[in-house]
Amino acid sequence: MSVITLERASLRYGHILGLSPTTFEIKEGGGITGLLGPNGAGKSTLIQMISGLLRPSSGQVLLFDEPPFRNPNVLARIGLVPEGDRFPVGFRADRWLRMMGGLSGLKGIALSASVDSALEIVGMTTRSHLTFSAMSKGMRQRIRLAQALLHSPDLLILDEPFNGLDSEARTALMYMLRNLAKENVRVLVSSHILGEVALLTDQILLFFRGRLLAEGSVIEIRELMDRHPVELRLEADDSKAVAQWAVDYPDLVAIKMETNGAVLSVKNPRDFFQKLQSAVASGQLSIKSLDPLDMNLEAVFQYLTEDHG
Amino acid sequence: MISFHNLEVRYGATVALSGLNLSLEEGIIGLLGPNGSGKSTLIKTLMGLLKPYRGSGSVLGTPLEDDASFSLRSSIGYMPEYDALIEDVSAYEQVAFWGELSGLNREQARDRSHEVLFFAGIDEARYRNVSGYSTGMRQRVKLAQAIVHSPKLVFLDEPTNGLDPMGRRKMLELVKKVRDELGASVILASHLLEDVDRVSDQLLILDKGEVKAHGSMSSLRQVLSRCFELRFLEPLTPEQEARIAEIGTLRDNMNGMYDVELKEADAGIPFKWAESIGVVLVQVTPRHDRLDEILIRAISRPLN
Amino acid sequence: MRNIPSFVETICILFRGYLPRVFKARGWVLAFIIMVPFVIVHIFVILGVVPNPARLALELYHNGYASVVIPVIALVSASACISEDIEQRTLPLMLVRPAPAWALPIGKGLLWFSWCSTWLLIVVTLMQLVGMEVTTIPRKIIALVFTLWAQLGLVSLLGLIFKRGILWAGIVLFLWDPLVTLLPGTMQRLTFSHYLQSLAGGQYSINNMNSLLAQAQISTPFWLAATVLIAVGALAWALCGIKVMNMQIGLSGRESEG
Amino acid sequence: MPIYAPTLPPRPSIKPDKSPILVMARFDIVRIFRLKMGRFFGYVYFCVLLVKLVIIYVNYLLNTNPQLGQLKNFADQVMPQPAIFQASLLDSSMLFFLWLQVALVNGALISRDTLYRIRPLVYSHPVSQKDYLSSKALIAFGIPFCVQLPFILLPWLISILVAGSSGPVWVTAPLLLIPAAILNSTIMGSITLGASSLAGSPKASLGWIIGLLLMSSALGGILSGVFENFAWMAISPIALTESWSKILCGVEKTAIPFLPTAIATGIHVCLWLYIAKRRTLPSEAVI
């Protein structure tokens, strides 16, 4: 069984494309999947289809092997934190949470217990009696989060959860999501902030212009992009020695000297890293740092969107 | 440029800012602090919308106490956090309007509206109503209206909020240009530490209405000489992870990025170790203090 | 297997959940709208300045409550029902839960209906203080409450279907319904006023201006009128439920086209 | 041969030569004139005005043409009393549309700024609360006044042109009616401003205004019915606006006497302007 299966699922709003036919699968088991892409790339369309708010125009969306649209069996197992500062006016947060828990089929002691534990996870236990309008943006976001955790879902969908949170709350949220992932919850996070996604996710889905562009871990995706040689900065006291060692490497594309090191562009980086490590370990070469400049999420994102844009 | 002496601001009986003593130089000032730390009160005070309860302060050489702070607002630009755009008017017209309201005459305001919109990267769309703009364009229009009258001090409240990575990069470039080309000082309030880190010259950290730290970025950073960040080609198995103890102490593991304090400050050690247990290193970089660590130190409480 | 709330459970949950809301501003505004005309009239009756209280009570009931207060509270409370959730964009948060989506409109509607009905009950009962005949009071309560039920359903439905639904509903209730005095026999059966007056056993309120054109009033038997109003309300709520069940409502709040 | 890279313009010398009130008022006026709604009201006013002018001209013909002598006798009976006729230049049908228009147009003045959250930005410029409210009031009071003006002046001009000083419209009519128009527009302006500041969006403010007018009229109606004294209608702003022109033209038996009209006008204007002031404080502006 898989958590999410999309089979050529697409969505159009009238004539306007929301998401091109897309196929992918997320297997069962805990973990954090990042949804990346610029505005209008199809991320929130995907989220709306997965959470059963919109029906795909064509193709199939399956969650736990069932279509999610108004399907209570699926909906009982997912939690959604939508983007934007939306909240019911005039409600006390704890009462609202109780109602939402009730709508997910919790009752009595189980309901009270799950409301308390959800509030504790988001760190709002003492402030939950406030009304939404008396809360700050960040507090409301935490309540929306608690709302999604109430019924301990198997799939947690978060659309831009970090927006409006201060750095303290961001760190707390990331910590919490990692714990959930360890407890066999699949977390789907969409975010603009690449640094955070990189720290958080073990797998990314990259969307661009309504299309799924890449899927995998950052290093995996980066390795697939052989059009762009990997740039590495090697810092060393003796930059000449580094250069002399590097020119012997057959897949070296370019080399740029700096005052205390060199920037190398290499193809087939897997092989290069192995060779470099052996050279340093055996004392053949002495370096102070090794910094892959474009093996991070930001660079991957930039290359992919440039190549396909 | 900005100096406070024992400044205290209150809302009724609640103290929003207390005992502020500081002076800031020109440049880009990153304003950090958790929600409710007094950032917006500070901005209001600097714009003269709130009068100090006690103490004194001056902005751009104008004291905050007297009525001169009213005219001060024509040399200040403000970009609010939320979407403060007039939806049924074109970008060009509204930027001109804000310029005129700052005291430019009509013709000047119209010319400058064109110029700052070019600067902000709004081209033909400037004649269209703002209601159809994307988030990125909206942020640019908001920036344009904040600088149309060439202020000497610009407040940017979460300028990268809601932008995608490309949009954020461009916005931060614009912020730098505001400093370099306009010669204006910028106060940048943001929750995104990455952004503050990338452009700021100085930092001002607020918490619970008090200044927890201020000064230039370099003076606030601690040197961590023996710490390195290590990354590997393949994810480590738990057994391999356990063996990191052979070369030093593992301080943190952020999703495959290992923060290790080595026994000696030598980058060669991890390479030898990796070779010996058969994993491949991709990254070995000396670790420097991250902004979130500075922030934690300043407000002196753990984030989790 | 996880527990999935049934239709009745969902209604109870919503009722309980939103209950505190009626004790907030909007609830009290509704109570105020209902009570104020009576209170004012009552004060004057106490002061003894009213020559003919019995006539005044009837006038208050027909011209005040039947033709103005009921439509106003139907419009005000309908905008607190499901359309409020759409406007605040919180409806998606409820739709991603396993509770049956078609119970959402009526669950919230019932709450506001009960709140307003309670106040109507109180006010009509109290009307004996200003000279309303005691024996007619049950009929008069039933007439108001059933009409409110039907109107609330209709307003909610229009609000759900049309972008400016509440406005359309206002047109129906304030422009079409008063025309009842001018409509020929069978056409009168297409207005709420007709059933209300049939239940209450009274006359349409006749505006002086229109009296020249007034038509003879027809009447529908009590039980039939009651059935029609209940059925119209029930049908409207059911249609609301079907609409929500099939609505492609995205996170942006409004129904996404396509 | 330099390359002129696009840069920011140099800092201008800022010498405010114009009050921000005028800047804001002009900006709002431009936006209002773009609304399609304006054309609708334009047509309506044109038709109402045309009818009135035709009536005046017919009246003149009746007076001068001997062949129509018999008709004239009949018309004299049908035609209203002179003072009432003067007052009817600002009659209820025209005021009804005017109320509708101010509810739509003025209602949006402050509430639109609330909706788009413009006010913090306004106050971040050298603009005080007095400036802000004055600019809004200028429009809120100005629009109803400007609409009423042709209804007073055109019939008067026509009357003078066709019949000289003996025409159906008194030569002194504008002296009486323009103050009435000023009072009317003050009532309309302050109520719409107050309601607009209470509402969160232009739509809501239309609701507020209509609701307010309906409720106050209903209340006035109940009270005047109970007391059998029409003066209670002074609670309703609509009745107030209908009353002023009659009072000032000296209609003998006005529905609402002078004193209640004056008191109610004063209360309404003060109350609603105070509400508008409380709801637009600068210290609440920046979030």
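Brief remarks follow.
The letters A, B, C and D name the chains in turn, as written, and every chain counts its residues from 1.
Here is the rule we use: a residue touches a chain if its C-beta (ideal position, glycine included) is under 8 Å from a C-beta of that chain, and two chains touch if they have at least 3 such contacts.
If you're wondering where the values come from, they're calculated on a predicted model, not measured in any experiment.
Judged by contacting C-beta pairs, the busier of the interfaces C-D and B-D is B-D.
Chain centres here are Cα averages; for chain C and chain D they lie 34 Å apart. Computed centre separation for the pair chain A/chain D is 57 angstrom, with centres defined by C-alpha atoms.
Chain B and chain D have Cα centroids lying 48 Å from one another. Mean C-alpha positions place chain A and chain B at a centre distance of 23 Å. Residues of chain A in contact with two or more other chains: none. Looking at chain B, no residue sits in touch with two or more other chains.
With chains as nodes and touching pairs as edges, the resulting graph is a single ring in which every chain has exactly two contacts.
Looking at which chains touch one another, you get A-B, A-C, B-D, C-D.
Residues 36-37, 40-41, 44, 49-50, 56, 59, 64, 68 of chain C touch chain D in their complex. Note for the complex: chain D touches chain C at residues 218-219, 222-223, 225-227. Per the touch definition, chain A reaches chain B in the complex via residues 37-41, 136-139, 160, 163-172, 175, 192-195, 198-202, 219, 270, 273-274, 277-278, 280-283, 286-292, 295, 298, 301-302, 305. Against chain C, in their complex, chain A makes its touches with residues 12-14, 16, 44, 47-48, 51-55, 57, 70, 72-73, 75-80, 82-84, 86-92, 95-96, 98-100, 102-107, 144, 147, 151, 159. Per the touch definition, chain B reaches chain D in the complex via residues 40, 43-44, 47, 49-50, 70-71, 73-76, 78, 80-89, 93, 97-98, 100-106, 108, 111-112, 115-116, 118-119, 145, 147, 149-150, 152, 177-178, 181-183.
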